[in-house]
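Here come two complexes built around chain A, the first alongside chain B, the second alongside chain C.
Take a look at the complex of A and B:
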């Protein structure tokens, strides 16, 4: 018997209906975009070829989706088995995050009908950093769905198949840890390629390292965020003790990030820019405030154990690191004469993608053995009923 | 062309054959003649038969002759005086008085219908033309007399071309140009104050080589020299197009070499090749606009000596727009009400939801904590 079990309960709730509506709006907009072109829906231009879709759906979306990567790193590489209950939900969120990030790239590229060139050696440009990112993300999406196969297998396959899958799975888990390490740093590496178009406060050769560290921290934060939310919404037993330990990782990753970020700025003699860059100074300080707050909040073991502190820290961390990506690629990105602000259409498509993730997550946890069933049989029995009625 | 002829030229002109052939090629290029024309020019110049030239001076300042004297390739003494037979020229002749008038008449009789008449200066017509007399004859009488048997007539300088400076209002002597007075013969005008010597020399050499005049525009000007506006080849044109103008003499724009249009440059309405061939053979910038002064339109009737120097030119080719494009044009689309409202709404919802969840967690936080410990 698996330690995981489906949550059960009705799929038609207020949340799923709202999410479904938002997905339907997105579908309409995307259809319009595919027929009438990017200009009809987005504010992207030759000066700003990357808009909200890339910066949120890919840069932030895949970093949010680093939960699977971060947990796999802890559970399988550092062999900390006690975190096992958190792996599957994290992997599920990662799978959706990455898959939808990949899908939104198809929305974003102007000539989407040429997308197959990416995987065709004669057409692909092997010297492009974007190719590395694209192939890496594609491979990782595939690997994650393979990593997730035990979940499908438990529901539909027999014991023999499950055994076979588990035998080879370690290869994919290993690759699944390697790939995000590559592309999460490359996502930052593309910013280095932008050169002087990026404001000096954000432009540094250390961007790949900062992206990797912050992506890992985001991965742990999203695990905390999602576990807290699921616990709270579905009235499940708390995984607070695990989340407290994970929050320690967030704390030290953030300390490393902040030290590197500020030391780099200081060494390059750019500290003055922190105060003198006007609007960008505000953004920089806001970003660092959001990333600095969790360090203060999580510093003590007693405080770290509180679910409220864990949640606030995770949210601040996610917001700060998200803002770091938005600032780097949009706000601090300056093409003289060009300007950009996402159009309503772009915003609604991104909202639709988030809604789709939420919707699919709910469907999966209710129908597939994703969440840990071990803790309390009593709670577990009550859960389906409560989920249907208390779902917001 | 055989070596004998070239040797003969070397002896006759005192120039090396290399310099001579370079000169012929330069002439052909100035006139925009096809490949091979330089050989024909060399042949024509090398011919021992020198065409006679009679050069009249009327109301003028001798600037045209002076500018011709400053031509370097060829120099006037080395080429014009040897290639053509300058039978009468009031500035340059050695003889004087009745002697030279007799020489003119002799040449006209001997070369009837073959000589080239060059006129420098305007012809006064008021009060019977008494305001300019040479050897007891009025300018008009002289002109009519000499033009009668000329093969072709070249009116050099703006004064001869249409009256030029002497005809400036109120024009007290009733000055006018050759084309107004001589209607039965082709008159080439080489306007300019002074005209570029090479435009004159090239026209003469064209006549010698091909026994006909070059293509002329409606004002009798050779098209090879006056076919384009000064504005078209001006080295400051890019500043005009970009809207960078000197506003007054000595200001920052003027010092930086901006367009002189707003200082009254007549380049946009004046046809001449000044910016292309320059003056004085001293290299770039050696023309009025190059030195920082607006073109006064001296080659253009109705512009030069008529419009004030500071007056704005009437732009013939492209009219400057009311406003100019910025160096960096704003592009892309900014914030709209809808997108800003949507983002603000989402941010508000997220913040609200986050705060609510955090508050609820706070309520159950201790329980969670204790549960975790158990």
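Take a look at the complex of A and C:
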């Protein structure tokens, strides 16, 4: 018998109705975009040709969706079996995060009817960092749905099928660790070709490394964030001891990130810019404050054991690394004479995508064996306001 | 699976092997140099001091490329594009300072400047395009765009150091557009429309090497010395005489981003004309150096995958019975 069980309960709750409404609004806006063009819905321009949809839905959305990657790395590569209960929910959130990141790209690209060129060797341009990112993300989405098959199998398949799936699953798990290592770093690497358009505090050849480290830390943070919320919303027993040790990974990844970021800036003689870049100095310091605070909070083992500290640290980390991505691609991307701030339509499409993820996550954990069957679920209609804030 | 000390050490060892593989995979390769100018490269020499701002080139460009006029005022009195766009591939802009009394003077003066594709020797747009829609002709060096390949991702729009490729935002069927140096006209033995109609030879077509020589010749002459300036094509017999102006001592495009096939001369600093100083090394070269050091021959990823397969297989062998 599986260690995992569906939560059960009604699918019609205040949370799912709100999420459903937001998804419907998004669908309307997307339809409008396909009929009247990108300019009709977004504030993107020839000066800021990438906006919220790429920077949030892809850059940040997939990094928020690194929980599956981060947990697979510790559980299957570093053999920390005790984290097993956290793998499935993390993988589920990752699956949705990435799948919807991919879907939002279809909303964003202007000539979507040519999208198949990305997977057609005759069109491939091997020097393009974006091609690598696109192929890796597509492959990873596929791999995650395959990694998730045991969950479907437990519900619907017989023992023989389950055994067969489990036998080959290790290949997909390994590929599922390789692919995010490649594309999460390359999401940053795409910035290098932008050259002087990006402020020197963000433009560096080490950006792939900084993106990779921060994406992993975001992966662990989202696991802490999600597990804390699920524990409180669905009144499940705390996984606090596991989250405390996961918080240690966040701590050390953040230390590595901050040391590399600041050492790189110092070595390149850009330290002065930290103070003299006006609005960008403020953004830079805010980013570093959000990423530095978890280091201080998580440094002591006693503090690290507290659920509130874990949660606050995870939220700061996610906000800081999210801001790092927004800054790099939008705020520190400076095209003289041009301005960009997302339109309401752009924001509502992104909100709709997040709502869809929340909705799908709720349906899956209630109907499929995703969460560890540690205790019988009680009163899962409680505190929907908390569930509504669940990102992934 | 319980976490015994032994298991932990085994896990750590496997993890270490993976980390070592990852480190090997990221060992730096040789830096990718800037690309070289193709031997038969053609381009334009734009001399701001010769330009009279008549915009005949803007009109000719529309005719050659089938683009419609754009209006910057509510009353549509004349074709008035403010900048290049998804529908305008070439514009003449003006720099003005103070009273704007004197041509080609930085203070209280004005100057004209052309904005169109620079046809970089090592173009970012070609390097970044995921589906090879941007191509640099290996012979002529002309940077062309193939809309039938393009997915409309706009990475070229964002990455071009000169902000040249432009997207049409107001249509459900958009495309990227930019100057292609009238490739179809050249195929018929004609020269780019902008150079053909320029009455003063401010926009001059020709082989890049010859254009560089011509730019050097003009800069080598003393200001005030009367000399001949060719129209249409460098070295043509259609010439007029004029005194050499006071040039800024630099040929813009000779070194910027590894060089461009559109070269510029001007009487006021290029930065004032919207052409900032840019370093010699192309961003394409820098980006590709990083990419190659990580992915050359896919050796790194394959080695890393090998390590991961080993570790994951080892650590999931007993999982099924337990799950």
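By our rule, the second predicted complex is superposed on the first by the 374 of 392 C-alpha atoms of A that agree within 3 Å, B and C clash if a C-alpha of one lies under 4 Å from a C-alpha of the other, contacts with A are read in each partner's own complex, and residues count from 1 in each chain.
Just so we're on the same page, a contact is a pair of C-beta atoms (placed from the backbone, for glycine too) under 8 Å apart; a residue touches a chain by one contact, two chains touch by 3 or more.
Just so it is clear, the structure is predicted and the values come from calculations on it, not from any experiment.
Colleague: Based on the shared chain A superposition, would you classify chain B and chain C as clashing or fitting together?
Modeller: clash
Colleague: Which partner, chain B or chain C, touches the larger number of chain A residues?
Modeller: Of the two chains, more chain A residues are contacted by C.
Colleague: Scan A:35 for contacts with chain B and chain C and give back first, second, both or neither.
Modeller: So A:35 only meets chain C here.
Colleague: A:237 in the overlay: touching chain B, chain C, both, or neither? Say first, second, both or neither.
Modeller: In the superposition, A:237 touches chain B alone.
Colleague: After superposition on the shared chain, which partner residues are touched by A:111: those of chain B (first), chain C (second), both, or neither?
Modeller: second
Colleague: Which partner chains sit in contact with A:47 here, chain B, chain C, both or neither? Use first/second/both/neither.
Modeller: both
Colleague: Is A:134 touching anything from chain B or chain C once the two structures are fitted on A? First, second, both or neither.
Modeller: second
Colleague: Please indicate which partner A:193 is in contact with in the superposed arrangement: first for chain B, second for chain C, both, or neither.
Modeller: It touches chain C, and chain B stays clear.
Colleague: Stretches 63-71, 99-107, 153-161 or 279-287 of chain C: which one clashes with chain B?
Modeller: 99-107
Colleague: Using the superposition on chain A as set up above, list the residues of chain A that contact both chain B and chain C.
Modeller: Dual-contact residues (chain A): 45-47.
Colleague: In the complex formed with chain B, which residues of chain A make contact?
Modeller: For chain A paired with chain B, touching residues are 43, 45-48, 228-229, 232, 237-238, 240-241, 244, 305-308, 311-312, 315, 336-344, 346-348, 351.
Colleague: Touching residues of chain A toward chain C in the complex: what are they?
Modeller: 2-3, 34-40, 44-47, 49-50, 75-82, 84, 108-112, 114-115, 117-118, 123-125, 127-132, 134, 150, 162-163, 166, 169-171, 173-175, 177-178, 181-182, 185-186, 189-190, 192-197, 205, 208, 333, 335
Colleague: Where on chain B is chain A touching in the complex?
Modeller: Going through chain B, the ones touching chain A are 326, 328-336, 338-340, 342-343, 346, 354, 357-358, 360-362, 364-365, 367-369, 371-373.
Colleague: Which residues of chain C touch chain A in their complex?
Modeller: It is residues 1-3, 7-8, 10-12, 14-15, 18, 22, 85-86, 124, 126-133, 147-155, 157-159, 161, 163, 166-175, 276, 278-279, 283-284, 286-288, 290-291, 294-295, 301, 304-305, 308-309, 311-316, 319-320, 323 of chain C that touch chain A.
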